[in-house]
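Look for chain A in each of the two complexes below; its partner is chain B in the first and chain C in the second.
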Partner chain A sequence: MTILQTKGLIKKFGDFAALDGVDIEVEKGEIYGFIGPNGAGKSTTIRVLLGILKATEGQATIFGKDAWKDAVDIHKRVAYVPGDVSLWPNLTGGEVIDLFVKLRGGNNKSRRDELIRKFDLDPGKKCRTYSKGNRQKVALVAAFSSDADLYILDEPTSGLDPLMERVFQECVLEAKAQGKSILLSSHILSEVEKLCDKVAIIRQGKIIEKGTLRELRHLTGTVLLVETKQPMPQLSKMKGVAGIEEKDGALSFQVDADELDNVIRYISGFGIVRMESAPPTLEELFMRHYEGAGVGGES
Partner chain B sequence: MDKHLFAETGSLTRFVLRRDRLRIPIWILAFAASTLLIAVAFTDLYQNAQERQAIAETMKNPAMTAMVGPGYGLANYTAGAMMAHQMLLMTAVVVGLMNILLVTRHTRTDEEDGRIEMVRSLPVGRLSNLISALLVMVFVNIVLALVIGAGLYALEIESMDLEGSLLYGAALGAAGLLFAGITAVFVQLSQNARSVIGLSIGFLLLAYIVRAIGDIGSEAIAWLSPLGWILRAEVYVNNYWWPVLLTVGVALLLGAFALYLNSIRDLGAGFLPSRPGKTRASALLTSPFGLAFRLQRTGMLAWAAGLFLIGASYGSVLGDLESFFADVDIMQEMLVQTEGFSLTEQFIPMLMSVMAIIAAIPAIMVVLKLKGEERSERVEHVLGRAVSRNRLLGSYCLLSFIVGFVMLSLAGLGLGGVGLSVMEEELALSMFFSAALAYLPAILIMAGIAVLLVGWAPKLTGFIWLYLAFSFIVVYLGGLFQFPEWVVELSPFGHVPRIPIESANYMNLAVLTGAAAVLAALGFVGYNKRDIGR
Partner chain C sequence: MKSVFSLQWQRFRRTPAMVLSFFAMTILFVAMMAGNNPAERAPVLTYADGSMTEQQAAEWVELLNAKEEFSFQLVKEAEARKAVSSGDATLALYMMEADYRLVLAADDMSRFVLEAFLDRTYREELRLRQMESQTADAGFRERVATVMKEPALRVETSTLEGTDLFQYDNQLQLLFGMSLFFSVYTIMFSLTKIVEEKKYGTWNRLILSPLGKWEIYLGHLTYSFVIGFAQIVLVFLLFRYVFGFNLGDRFAAMLLITACYTFAIVALSMIIMGLVSRPQQLQAIVPILATGMAMIGGAFWPIEIVRNPFLLAVSKILPITYGLDALKGVAIYNRSWQELAEPISIMLLFGVVCMGIGINLMERRSYQ
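Up next, the complex of A and B:
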């Protein structure tokens, strides 16, 4: 079941197209990673999905409803955490959490207190005294103590320390285990790699690649590290081989999935001493799409 | 100079000037232009000594003294004496406000937002920031004093000689410096910019009220207020310089005290303790309306107290009015135009109109708060949850309506309650109440325009303040400038029946209320259509 979907989403600010045809779809029970550098259009997409910005063209639906027209209905089942959490300086964190939970409807006190403990937040302090990480904790506690069906998280961990990041990941996986869906925008690629079932990469307002991590890796191929008794003179000229580097007397390179068989046959003729293979990291995938393409754009 | 305290003060001073390269000239030009225009207007309106003397007679009453200060030289009311009497205090109050805002902007606001931390991580002295802000204020107030002093002299108005004109400017500059000093001290006390501004403006109002009480009652009390000091320079009459020097001296002491406090405190800290807050929200705070109220509660309480006090202080002089006017023939000729009404009754609508315009300020602020919330990216927390835009904007509208009603009621009750206790005349408290509430539709129009702007053109919300200022000028100074009727009617405040000398015109009030509703409804349409936060 598709929980969230955008089709040909375009958002223009004056002449500038912040979104230039964005298509993503999040299925039920899935963690969907949304990655791209700052200014590529992640937050704009999310704001359109929340009905805060009105799409210039295209469709954005959540639970099958229009994100702009049925915003209030949709929001009853959505929990949102913005990347840069700006809070009311003269309210305490505890007050803000209660307010947020109430505004969505629903009230789960024990869950709230448990999360406050887990995230190690002092709810009695005024928000003006909170650091960025603490403000994010307030938004996260409010989001995860509400009983939502869809979590929209916009770079939620950019201010958290590694311990808290782990707590966050537990919360996300717990939600997934309960069959909830999560749209996670991030530029912390290791986090996305660890959590997400599917990934969409956005650049300058366009989705340039999407699919499961496995599919994306298939597009890129495998990274091999090979040490042979004799040198391999023809390796660099072989089809499907790229990015050859020397490491500790061995060679590391990328091989396209289609050519893997040929390449292995060729290598085995030179007396393999050591061979390691690893799927490309998301970072390598990401960089491949961005390198030489000019990064980002203004949002 | 001690390097660890003062290093790079010069560069920071230039930086402050650079950041305010438009703001400061605009303030100074606005002061100079309004002062000079009014000086010219006075000489045009009252062309000979006789006319001025007639006006002087109208000024000889406690209400005027409470409002603009004691009248020096009323016996020989020259254009200069008139200027110093009617304009110096009001201008000084606004100069004080400018100093409060500028000092806070460059000290606590920067500190609260973490910018001072960045500056302090550079090889910059611990006190350099505060000193540079204060140096800029010294510079601003000196320039202001010279521009206004030279400008007034350059008008070549007979009674405005060089010394008097320079003293007029200097009195304004000195008052400005004093409030810069006060603000600098409050900056050390409180941890956040909002309460610094609140405390400083509170002090300014207190100074105004203490002076009003002192000017009517006892000279000794008037000396408790710095605003009382500068009036005692008796500009254009006796030209005493020492009250101005006293004010500057105290300002310097305050500045030094602020620097001392700054040198012994931690960055980001204040001397007023910050209390631990609640860990749970009260039941009130769990709706958009509750949030809107909570965010503005302190400010609104201050406004409510202020309006009641203004009403009460006007009320306190009502008792003297009648007996006073009875002695002055010329006054009776001038004011008694409406048969069957006492002087007091004729005075009430004039006081009410001024208080209604003041009461409009918090009502408008409530609506504009929503735009501030949007700019601070906090509206999305609310709209991102199950709250519709109509409900959000509606909450602010409802609060604005309530605030307008409460403010007007308090002003009317303050005026009536205290007035009746000091008057011999028998008037009904309910009359004061309806005289006040007659202005509610006019306030609603202002709030309605604010809603319209928030809905369609959030960047242009400043327009509403211009319109309110225009309303103030035509209503308050309307008599002085003799505006034609249609100009007065451009303001909603010009359409309000002047109770009790006019009967309540329900038709007018209904039309005004309807217009306010239409303006607000249009605002809702716009707010539902536009992007939030761009």
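Up next, the complex of A and C:
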């Protein structure tokens, strides 16, 4: 069941196209990673989805409803955590959490208290005294205390320490286990890799790659580290082989999935001494898309 | 809407200083300038013409003081003239046997009120004296006093334009003027929170909640309305019951007028909020606007003494003019509901138009 969907989403600011045909789809119970460099269009997409910005063209629907026209209805079932959380400076963290929970019509006090304890937040302090990380904790506690069906998280952990990041990951996985859907935009690729079922990579307002990590890896290929008795002169000329580097007397290179069989046959003729294989990390996938490519745009 | 409304109260509880200071300032200004007892006002220095005997002069002063509207103090001519020329007194009264003159160093607004009082008192006394001289009745004065308690005829005076004859009540002028003036500050500064929230991003936090935009606006507007309305009403109650001001018997009508005026100012504030983008700009605009409106609309002095047609024309587009007109209409002139309908409906119309324009301006700015 599709919870969130954009089709050919275009957002223009004057002549500049911040989004140029964005298509993403988040299913029920799915964690969807949304990655891209600064200014690629992640936050603009999220702002359109939240009904803060009106799309110039294309469709954005959440729970089958139009993100712009039915924004208020949609907000009843969506929890949002921004990267830079703005709070009322003269209210305490606890009061702000209560306000958010009240606005959503919920009253799960035990869940709220549990999350405050987990995130190690002092709810009695005025928001003006909070650091960026603490402000984010307030937003996260408020979001996960609510009974939302979709969580839209835009760089939610950029101010959190590694310990709290782990708590955050637990909360996301708990939400997923309860059948909730999550759209997670993040710069922390290891986090996305650990949590997400699907990933979309956006660049200059366009989705350049999307799918499950497995699919992306398949597209990108496998990284092999091979040490042979004899040198492999034709390796660099083989189809599907890229990024050859020498490391401690061995060669490290990437092999496209559909050429893996041919490449293994070829190298086995040179007397394999050592062979290590690892799927590419998301960072490697990401960097591969960005290395040498001009990045830019407006978020 | 309720959540946004209670959020504003929660924030008010944390920083009540601003609202309370405007409340305190209203009380301070009215109490200081009007005085809670007319007798405490500086006495009018009075001296008699050389042709009058000391007893005659004393009798006149006693008569003038009997009404308790002003306090007159008999002094020597030199002392009175010195006080006026040195600026210690704004004016002095020079009494003649059947006439008077005012000695002024500079024109002063209070002269009009004093002059009206003297004119009335002199006329009345001289007429009585004339009658007394024509009758042999020794108890004439007593009989007049008895009859005056139950007059055979009551005369209602109106001008050719159909407006009430100008009656000046310094206490009520100050009370109404200052209350409406300071409430502009309270309302406009409380609505500054919308601009602040938009500037600092908390507005979007509310927009992303399940609240409709109109509910958020309504929460803010209701808060500003309640706080502005409460300020004016509390000041009225305080001066009525603690300082003993005579506000008349129609308090419900005053509440209605106050509510309409507050609504008009809340709506006007929305236009201002729609035009500015930074809270700092408001800190400059609000005092200029509030003081300008109060001066032209007749909060600092009665609009009835203004003769400049341009200023009078400008005053016609200000809600404070209609608010003061209606409040004085109830408390001083005891006007009927039909007569009050005009200023009340103008304030409501003003409010509706401004609210529409204001919200439109704000929303346009949001999506630019």
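Everything that follows uses one rule, which is that the second predicted complex is superposed on the first by the 299 of 299 C-alpha atoms of A that agree within 3 Å, B and C clash if a C-alpha of one lies under 4 Å from a C-alpha of the other, contacts with A are read in each partner's own complex, and residues count from 1 in each chain.
Everything below uses one rule, namely that a contact is a pair of C-beta atoms (placed from the backbone, for glycine too) under 8 Å apart; a residue touches a chain by one contact, two chains touch by 3 or more.
Everything numeric here is computed off the predicted structure, so don't read it as measured data.
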Fit or clash between chain C and chain B when superposed on chain A: clash
First, second, both or neither for A:132, with chain B first and chain C second: neither
Broader residue contact with chain A after superposition on the shared chain, chain B or chain C: B
Which of chain B and chain C A:75 touches, first, second, both or neither: both
Which of chain B and chain C A:95 touches, first, second, both or neither: both
Touching partner for A:13 - first (chain B), second (chain C), both, neither: first
First, second, both or neither for A:123, with chain B first and chain C second: first
Contacts of A:104 with chain B and chain C, given as first, second, both or neither: both
Clash-bearing segment of chain B relative to chain C, given 62-70, 170-178, 260-268 or 458-466: 458-466
Intersection of the chain A residues that touch chain B with those that touch chain C: 50-54, 72-73, 75-76, 78, 80, 84, 86-88, 90-91, 95, 99-100, 102-105
In the complex with chain A, residue positions of chain C that touch it: 3, 7, 10-11, 14-15, 200-202, 204-212, 367
Chain C contact footprint on chain A (complex, rising order): 50-54, 72-73, 75-76, 78, 80, 84, 86-88, 90-91, 95, 99-100, 102-105
Interfacial residue positions of chain A with respect to chain B in the complex: 13, 47, 50-54, 71-73, 75-76, 78, 80, 82, 84, 86-92, 94-100, 102-105, 123-126, 128-129, 139
Interface residues, chain B side, partner chain A - complex: 112, 191-192, 194, 274, 276-282, 285-288, 291, 294-295, 298, 376-378, 380-388, 529-534
